[in-house]
Amino acid sequence: MSGLGGLSVRFRQSGFSVKIPSFLGPSLPYLLFAGAIALVGLWVENFYYLQVLTFIGINTLVALGLNMLMGYAGQISLGHAAFFGIGAYSTAILTVHYGFSPWIGLAGAISIAGLVALVVGLPTLKLSGYYLGMGTLGFGMIVHILFREWTSMTGGASGFVGIPPLSVGNYTFYSPTAYFSLVWGTVLIGVIICRRIIDSRIGRALRSVHDSEAAARAMGIDTHMLKLQVFVLSALFASVAGFLYAHFVTFISPGTFDFLTSVRMVTMVVIGGMASIWGALLGAALLTLLPDWLHTFSEFEMVVYGLILMVVMILLPQGLTRGILDLWEKSKGEDIDIKGESDGDSFR
Amino acid sequence: MKKMSIKTVLLSATLCFTISLLILPRAWAESTWKIGGIFAVTGPASFLGDPEKKSMEMIVETINKNGGIDGRPLEAVIYDTEADPTKAVMAVSKLINRDKVMAIIGPSTTPTSLAVIPGAQRAGIPLISCAAGNGITQPIKPWIFKTAQSDIHAVAAIYNHMKKIGHTKVGIITVSNAFGESGKEQLESQAPDFGITVVRAENFGAKDTDMTAQLTKIRGEKPDAIVCWGTNPGPAVVSRNARQLNIDIPLYQSHGVASPKFIDLAGEAAEGILLPTGKILVADLLPDDDPQKPVLKTYIRQFQEKYNSPVSGFGGYAYDGVRILADAIKGTGGDLAKIREKIESTRDHVGVSGTFNFSPEDHNGLDPSAFVMVRIENGTWKLVE
Amino acid sequence: MEFLQYLFSGITSGAIYAVIAVGFSMLYSATDLINFAHGEFVMLGALCLVTMKAIGMPLPIAFLNAVLIVGLIGLIFERLAIRPVKRPQPIVLVIITVGASIFFRGMAMILWGKDTYSVPPFSDHPPIIISGAALLPQSLWILFIVLAVVACLYLFYQKTLTGKAMQACAISKKAAWLMGIPAKWMVSLSFLLSAAMGAVAGVIIAPITMCSYDMGTMLGLKGFCAAMLGGLGSLWGALLGGFLLGILEAMGVGFFSSSIKDAIAFLLLLFILYVRPGGIIGAVQAKRF
Amino acid sequence: MAILSVESLSKSFGGVQALQDVTFCVETGHICGLIGPNGAGKTTLFNLITGFYAPDSGAVHYRGRTLQGLPSHRIVGLGITRTFQNVELFSSMSVLGNVMVGRHVRTRCGFFRAILKTRGARAEEAETRNAALELIRFAGLKGDPEAPAADLPFGWQRLLEIARALASEPSLLLLDEPAAGLNAVETAALGDLITKIRDRGVTVLLVEHDMSLTMRVSDRVVVLDQGRLLAQGAPREIQSDPEVMAAYLGRPKEAGNA
């Protein structure tokens, strides 16, 4: 078929294929994506739009990690705002209380979040379905209470002020364009990491666990350890996002890392599409822009929010990305295989 | 796994462009004084943001009715932060960079104010916060002002009243949010100045439904009085629980519950409760020579005419903020540095929340006289000497 | 004397958690589902009561109307949101019910506005004082009503045919379907009953907790922790779990510090999930895999 | 030398005694048929060997090592893989993808190597791909390996599952009723494949109801009935053993009454 020499890109259905030189092949989407970032970064000078795009970038990072956990490994987490918070508070405490440089803060954020994810993940990931949802929710609540009550370290409910901005040598990432490119550069690295994991042996193992845990175990995959590794990976993504958030807004308060934020993160993955990287990007963008679109009738934001979650989950279980692609294919007269069984045996 | 359908390639490219196109800059007019407002209109702090938004819209309308400022009308652009720091930061940046406002009123809560201060400072835009947290104006930040009565004055008013009656031991119970923490800090730090010792400090969740355990612990320390620092509905539950435990020692509340809603919620448990409040609640009981009386009267009349709902002291913060800003804009032609100067040098500005005397060292401009002590007697507020 | 007061305050909040937990367990025992929006049904029950009383209805009629309305809402919710799902895996249902809870909260905010309402207690004689510790009469009302309701549910499950059919559905929908039980209707019926249970909870706790559009979330989570503590699916377990949680919280505040009050519920939840998912009574073999 | 020996294995679920004191062994390089009427305990025995269940008593020895208490993914590492009675394919993946997952135990690329895309990882990936393609051809699966596994006809899905199991280079392959639902042509092809597998040196334990297939390919046959070992021996002996016939067809009535 397609050895390493040339890469032929083939439409799944219509057999149309175009030859692309192989060294360019696998990294084409990244180049396009990087090009898009650079273009938007240069073209948009208005600080507000850069700031909105930066927040979208930070949310995308979280969505990418959660997408690996929920979309590929099929494990739900209702407490991921806790890792987002751990990342933010670790760097805040390390840089302000102990005077370390922000990059030590980053290392601290990653190691603490990773450690907590390991300790919490071991027992939690033995659970499944509702119990896993409740276990992660309980964990998220406890961490939120910890942020609020540990006043000496976290500044308690009134928040943590004066987090230093990021700087490399004597160049500080003050200007929104600089921070925009830093965040979206991290997102690009995140996308490459996810893509490489998905296309590797680990990615296949993940999807096999999602499709049929029994068969995966029969193929010698240590499903519990694998779920734990992905849980830690998604926690690291969230903590890096927390680090970037803390140094961007230079103020954090427990309210930003509560249960509603965890639900918003899950919504990003759900809307984008459970097992698609670009879906995570789409979901993050939509969710970050939603309050902006709704600001005129802000009363309805919660109603619209709840509706989106329900409607997407009921009608488009695979999420908007796949939904749109399927509609696009349907409009081209393709026959798409509708996976849902007939109504008769939809019982568990 | 080498295969990659062309679809994802096109999808990723169009995705990034659509996002940036979605939020194209909209054209804006130059002919009005554009000021921004960010309040927690919905969400947990809506009892603050909602009246503040209404008051701002009302005062802008009245200013424009009598000719605007230097002949140009005032235009208010108001966003809802839902008391969420991230939304507040985005709203401020939208006001500054897209709507190109010249000054900002709000936000309503302390955490959101602390979150937006760096942005306003960097952009060099005067911001008048409606939150009470002390960290907003301490240490002094050139562009940041505050019209809400500070917790320092509220605690001073309570402790003054206690000193007069001879209470020396106090038990405090505070809500576990920013307002509660700032109150607890002041209650504990100012106590020695009035010869009072805090014998017990407890806290409760904003949504908690039963505080009898905390009150029992406080009662065990035999204090002379109890101070409850929080915003509805928590303090109403505390008052009821105190009545159930028939705790007969006096119960003080904070200015956070200085609104008719508290009496309605606490029911007859509100009888005899003392609390500091802006003069707005007892406007008609004020002696006629009180300079604030006419301002309060007009504010209350206008508010009830426009919204036919009871007035709340919190709306007054935004009302004063806009009036101070309007006076400062006069004659400066929109030069932000001059406006900042004029705000900072505002003297004897009689507002709803008190008489403002700003100075380079005091960006709140209020003193304990902004507060008066009231007692709740058969369902209404009564001034206490 | 203080211990007794902590015990009484524990009983008061325990009664609240218990009556909500029963709703969770009842739905789980009948449909094997966990409804994260149950807390919002409690809120809707309380706010409906407020509206009914505002119109001037006497308490019993208002009580009945609130329960009927919310039960109907539960039925419509199941019909529109739960039944159409093609492959009802837990992950899908968790997200749908969480979305529903946000949706109901948003609607309540629009209909009832943002501030808090108070409701007079059912009977207004003063608190009962036993050697210095005060117990609210309202919590006794809650106790009696919840016991009565649980007794009715128990009879309904054990004695009536529909009750047994519902339990059969939970164990195996396919088998029940083969036996001619309209499984789809059973699920709808159990949602109606669970929503009605939530409304009952909302109405009887309203005098203590006061009601606002966002009271449902924390109460719902605490109710779930109580249901898990007692043993998900067992009605008596829910009662036991509710009171135990309330008393433990009150003791925690009394003897440690009030800031850990909320943490107690969730720490217990995690403990139960990890060590003994069946809960104290372990009535239902909890599915871990 | 026996690659697998089962010693007085017993297992009961609640009141049901699924297996009772079963002892037998499978010679290396042999195809051992395991037959018995429904409910004889064949699948339970299967799951005990692969570590899905833990036995009540007795032990399973594989190459002299006991499999007691080993998690199932370690047992596969030792070289024992299985297929399922009702095919358990990875529906979201392609045919090639499914077989490549089979290679999991034989490859080592972890998270870091995958992220860094080291030369070793890329080489291992290419090698996995080629091995999988070779196995797909070996199993006789034609058509596009990139096609989704769920689109394959049922017969081919069975072959795919066997190819996937082979991908982990097992020395003992357990087939759980591979011929169920296949027509005559597909069953014959399956028989050839099983013998080809044995010729590659893989010992096969075959649980199957299709007598003609089992008798044709098996070197030895073990018969289970109600959880007990009934008989074991060469296919011809088993076919003529009266006990076996009785277990399947029931005792003939005493001659004389109609």
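Letters A, B, C and D mark the chains as written, and numbering starts fresh at 1 in each.
Rule of thumb we're sticking to: contacts are C-beta pairs under 8 Å (C-beta built on N, C-alpha and C of every residue); 3 or more make two chains touch, one makes a residue touch a chain.
Keep in mind it's a predicted model, so treat the numbers as computed, not measured.
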Pair with more cross-chain C-beta pairs in contact, given A-B and B-C: A-B
Centroid-based (C-alpha) most distant chain relative to chain B: D
Most central chain, judged by mean C-alpha position against the global CA mean: A
Whole-Å gap separating chain B and chain C, where each centre is the average of the chain's CA atoms: 36
Whole-Å gap between the CA centroids of chain C and chain D: 49
Chain A and chain C: spacing of chain centres that average the CA atoms, whole Å: 33
For chain D, residues that touch 2 or more chains besides their own: 97, 100, 125, 146
For chain B, residues contacting two or more additional chains: 1, 3, 42, 176
Residues of chain A touching at least two other chains: 10, 149, 203-204, 299, 301-302
Contact set on chain D toward chain A in their complex: 50, 52, 71-73, 76-77, 81-82, 84, 88-93, 97, 100-105, 107, 109-111, 113-115, 117, 121, 124-126, 128, 144-146, 148, 150-151, 164-165, 168
Residues of chain A defined as touching chain C within the complex: 70, 74, 76, 78, 123-124, 126-131, 133-135, 137-139, 141-142, 145-146, 149, 213, 259, 263, 266-267, 270, 299-310, 313-315, 317, 340-341, 345-348
Complex contacts: residues of chain A adjacent to chain D: 1, 4, 10, 193, 196-197, 200-205, 207-208, 210-212, 214-223, 229, 233, 275, 337
Chain C residues touching chain B - in the complex, by the definition given at the top: 2, 5-6, 8-10, 12-13, 16, 109, 114-116, 118, 120, 127, 129, 134, 136, 205, 208-210, 212, 214-215, 218-219, 250, 253-254, 258-259, 261-262
Residue ranges of chain B touching chain A (in the complex, touch as defined): 1-9, 11-13, 15-17, 19-20, 22-23, 25, 41-42, 79-80, 82-87, 89-90, 93-94, 96-98, 110-111, 114-115, 117-118, 133, 135, 176-178, 180-182
